[in-house]
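After this come two complexes, each holding chain A, first together with chain B and then together with chain C.
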Partner chain A sequence: MSKRLLVGVFESEDDTLAAIRASRQRGFKVVDVYAPYAVHGVEEAMGLAPSRLPWVVFALGVLGGGLKVWFEFWTTAVDWPVNVGGKPFNSLPAFVPVTFEVMVLFAAVGAVLSFFFVCRLYPAKRAVLPVAGVTDNRFAVVLEETDSTFDPAEVGKMFEKLHAVQVDEQITGEVA
Partner chain B sequence: MNGRDFTFEPNAKTVGQMQVLAGIGAATLVAGLFFAPQRIWPNLLLVSYYLLGLALAGMAWIAIQYVSGAHWSTALRRVPEAMAGVLPLAAIGILSVLILHPSLYSWTGGVHVEGDAPGFKLMWLSLPFFRIRAVVYLLGWLGFAWAMLRLSRQQDSDGELSHTRRSTALAALFLVFFGVTFWLASFDWIMSLEPEWYSTIFGFYNFAGAFLSGLATLALLLVWLQRHSALKTVIREQHVHDVGKLLFAFSTFWAYLWFSQYMLIWYANLPEETVYYVRRLHGFWQPLFVLNLFLNWVVPFFALLPRMNKQRAGILVRVSIVLLVGRWLDLYLMIMPPFSGGKPRIGIWEIGLVAGLVGVFGLGFFAALRRAPLVPVRDPYLAESLHYHA
Partner chain C sequence: MAEAAIALRPPLIEGDKSIAQVTHDVCAPMEARPTALWWVALLISFSFLLLGAAAIAYQISVGVGTWGLNRTVGWAFDITNFVFWIGIGHAGTLISAILFLFRQRWRTSVNRAAEAMTIFAVMCAGIFPVIHTGRPWFAYWMFPYPNTRGSLWVNFRSPLVWDFFAISTYFTVSAMFWFIGMLPDLATIRDRATAKWRRRLAGLFSLGWNGSYRAWQRYEVVYLMLAGLGTPLVISVHTIVSWDFATAVLPGWHATIFPPYFVAGAIFSGMAMVLTLMIIARKLMRLEDYITLRHIDRMCKLVITTSGIVGLAYGTEFFTALYSGSSYEQFVFLNRALGPLFWGYWTMVGCNVFVPQLLWFRRVRAYVPAVFAICILVNVGMWFERFIIIVTSLSRDFIPANWFHYAPTRVEVATLLGSFGLFFTLFLLFCRFIPVIAVAEVKGVLKYGKPRLESAHE
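On to the complex of A and B.
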């Protein structure tokens, strides 16, 4: 389904933050914000819900650690028991370092892959940018025109009052 | 902002409580010297070493912030500086044990000379050299603390950037000196209580414990000062959050070293090394041994795992208290087994001296904090710290 979007382009992060706040205050839906670098306070201004990534990472860490303990137990105590220095076959302390490493590996690699998955990123994906300048020196606030009460001209004026250098209307199925 | 807005005056009630606690400690110490000297000396070493760890953690914190060029914490710097201000009190405690009661160390009655380098061990564990080393460590730390606190306070009047540069250079020197001497000090004062046993990682493990207890103390003090002083307007949620992250990280760091020491000894299974753990894993020591890991790592780790919890003052306070109790238990397990006759004994002598520890730290901290404005008012990086946004 295509969406009608209104893109306000700004030159400074302060104007961008002000535009986000003003848009939300007036009940508009901020779909996304583009910036050439990480801007502090954007998440709060956009009112984004806390990321769910930590839960995914936690689950992956537990999964990786659990699998590793099971695998080490199975190899050293079940499938091919080897007597090492007279210690019990199932020697939990000896498993800890590798379990720790595998837990970190699962959690860290999983975090990156989950992030790519959620953002639908993959190698050689073409960048989807509302305006080309956002990788250089411009900031963009993207609003969705949700219903007929949304007056692009009026919102454009609001953006211009906040020092927008450009206001675009775009119809797309892909941005954001 | 000017200095007068940020003078610190602790309320009389809190000071009174600290005086009562310090008094209980002093009374316990005096009574203990008469009625239970064999209990009181190792406990005096424990609380002095605990206090020393807090003071040096304050110094290490300041030095790390300077060397890493961290500016987020500039506004809070007076708090670790005041923690470092209790260093002389800790030095008095340590020296009184080493000077008045060296027989706490069994090797003073004759060194056990087996092992790899008996000649070196004989030389290292001789009482005059032992005391000279202690004086060198303590004077070195006191000298660095004196110089760095002085520079920081001079900056309050002139706001010169050169003080920050000189502090950074001093901080780098201090970290090198501290790294070596604290390692050796933990060998001398704690590990040599059982001179037949050794662990190379012991100094590192002791640093982790000391720094962790310092961070827990810092978190408690920040929350307290946020409620009871002019720092209310200075400490932001982001500052507290960062201290929470450090608590979480260093608790795990402590566990990492705790396990590293345990696993290597368990794996090698050499009798002269395992004796340390055998002693601590039998009878009533065992539950304490397990509890130590829970207080210092399991509880803080899971309590601080969610991001939100690292920002909540209430949770940080509870976790910090758990960690500070854990630090005491950790030291108790390092120091007491050779003195306790087979089973742990925790009674009036231990509790009395812990009360004294809290009181002495509180009074020393307040005295040091009153000596300068609550924030480094003319530090060039103060503004950056005040507007800190993680």
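On to the complex of A and C.
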């Protein structure tokens, strides 16, 4: 399904933030915001829900640590117990360092892979930019023209008042 | 307005840059042809790398007998170099993870290069234990995989196995942290590249990053998670390295002070190495506006802090030996300071405790050549610290009949030089092909220390 989008291009983070706030105040749907760096306060302005990634990381860390404790116990005390200097086969305290490392490994690798997955990032993916320069020095606020009450000319004027350097109308099925 | 401006902190980035200028300043040197100076540096580093490669090929084909080891001193030069390089890496994680958690925004100018240093240093470190296995082609036996020997599993009670897990986790996490931090910059390179190969390559690795804020939001979360995981990780890595020694019963090694002492020493030497590299990089790549004297000043303060911790540890070791009432323990420390390797011990104390005291003076911290010289001396001192800890304890243990001297052979020295060659070759290649400064992060601190009104349009 194609969508009609209105893209306002800005030169500074303050203008971008003002544009997002103004658009949301007037009830427009902010599809996405593009920025060359992580601007403080955009997620609050856009009203994005907090990311659930920390829970994924926590779960994977617990899983990795748990699996590793079981594996160390199973290899050293069950599968082939070897007497090393008379130490008990199940030497739990000695298992702590490796358990910690494996927990970190699971959590970190899991964090990165799930980030790639939820953001649909993969090698050689063709990047879809709303306008050129959003990876350099431009900020873009993308609104969806949801219904006939949306007047692109009027919203364009609002953007220009907020120092937009360019306002574009796009029809696409790809962005967002 | 004047008073308001004075009350602000000084800006982190000098020269009043615009956002586009930051992109240009960092990317332009990569797109231009390399300078003659860069080629000379690369050729020298690469020659050392080749020397090291030849030495490694020789010692693998002939055996570890090419080293100066004997029945008393069973490991010396290789483990010294291993601990030295791992320690170097730790400052990179300190800057990228710990300073991030402490919200030290000045780190943005140096974190990319510091993380690169971490990764390259861990690579250099990894060479030594692998060769020391004697049969490096069986190095994978350290990994607990189901095998036809039983399955006979690795001994999870052994600090050497802990070390294997710690180092490989550390390398993986550091590399991922580095790559995630680089993702937006790779997209910047992709979108401004004119050369086709550069656009293709950057396009392959930038994973289709387009600056969408839905991605930025999760990016920030993942970065924070990795920093939070990296901080205890880096402390665990050098703690485990110190356990390689502390779990042995040898006097001079068997000490509970080792983990904090080693971690502080690692950050101390690593910070000196970051400063060394930054001082070179800011000159070579003309980044004086980004890596300012203030950055150098702050890193110097970290050097003097960790120097203090290391000095305190040296003193504590002597006190513990005295207080222990153990004549073996007391002998080891007297032997370090006054025995056959006394010159190494005093090089270590001189370079690690006395020389850094100069950094108390603002004038010294602001004079770059002096900082450079101090940092080189710190690294010399920290290399000697590991050498002294390892060799003095081993060569003179409980029974005088066992005592034997250790001296490295030419093959061992060539391997050490080769590791420096590898390190600097990789670093120089990094300077050419990857933005040395974290562009997207620096853009976020441009406003730091500037009055809010100036950036508005009125």
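FYI, the second predicted complex is superposed on the first by the 176 of 176 C-alpha atoms of A that agree within 3 Å, B and C clash if a C-alpha of one lies under 4 Å from a C-alpha of the other, contacts with A are read in each partner's own complex, and residues count from 1 in each chain.
Convention: a residue touches a chain if its C-beta (ideal position, glycine included) is under 8 Å from a C-beta of that chain, and two chains touch if they have at least 3 such contacts.
Remember, predicted model here, so these are calculated numbers, not experimental data.
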- Item | Superposition on chain A - do chain B and chain C clash or fit | clash
- Check the residue A:P54 against both partner chains and state whether it touches chain B (first), chain C (second), both, or neither. both
- Touching partner for A:F116 - first (chain B), second (chain C), both, neither: second
- Query: Is A:E72 in contact with chain B, with chain C, with both, or with neither (first, second, both, neither)?
  - Reply: second
- Item | Winner by number of chain A residues touched, once chain B and chain C are compared | C
- Task: Considering only the touch criterion stated at the top, classify A:G41 as touching first (chain B), second (chain C), both, or neither.
- Result: first
- Message: Under the stated touch criterion, which partner chain does A:D147 make contact with: chain B (first), chain C (second), both, or neither?
- Response: neither
- Query: Does chain B (first) or chain C (second) touch A:A94, or do both, or does neither?
  - Reply: both
- For chain A, what residues appear in both contact lists, the one with chain B and the one with chain C? 40, 54, 87, 94, 97
- Message: Residue numbers of chain A touching chain B in their complex, please.
- Response: 40-41, 50, 54, 58, 85, 87, 93-94, 96-97
- Please name which positions on chain A make contact with chain C in the complex. 12-15, 32-40, 42-43, 46, 48, 51, 53-54, 57, 61, 71-72, 75-76, 79-80, 82, 84, 87, 91, 94-95, 97-98, 100-102, 104-105, 107-109, 111-112, 115-116, 118-130, 132-137, 163
- Task: Please give the residue numbers of chain C that touch chain A in the complex, ascending.
- Result: 18-20, 23, 144, 150-159, 161-162, 165-166, 169, 172-173, 176, 180, 183-184, 187-188, 190-192, 203-222, 225-226, 229-230, 232-233, 236, 240, 243, 440-441, 443-444, 447, 455-457
- Where on chain B is chain A touching in the complex? 259, 262-263, 266-267, 269, 305-308, 389-390
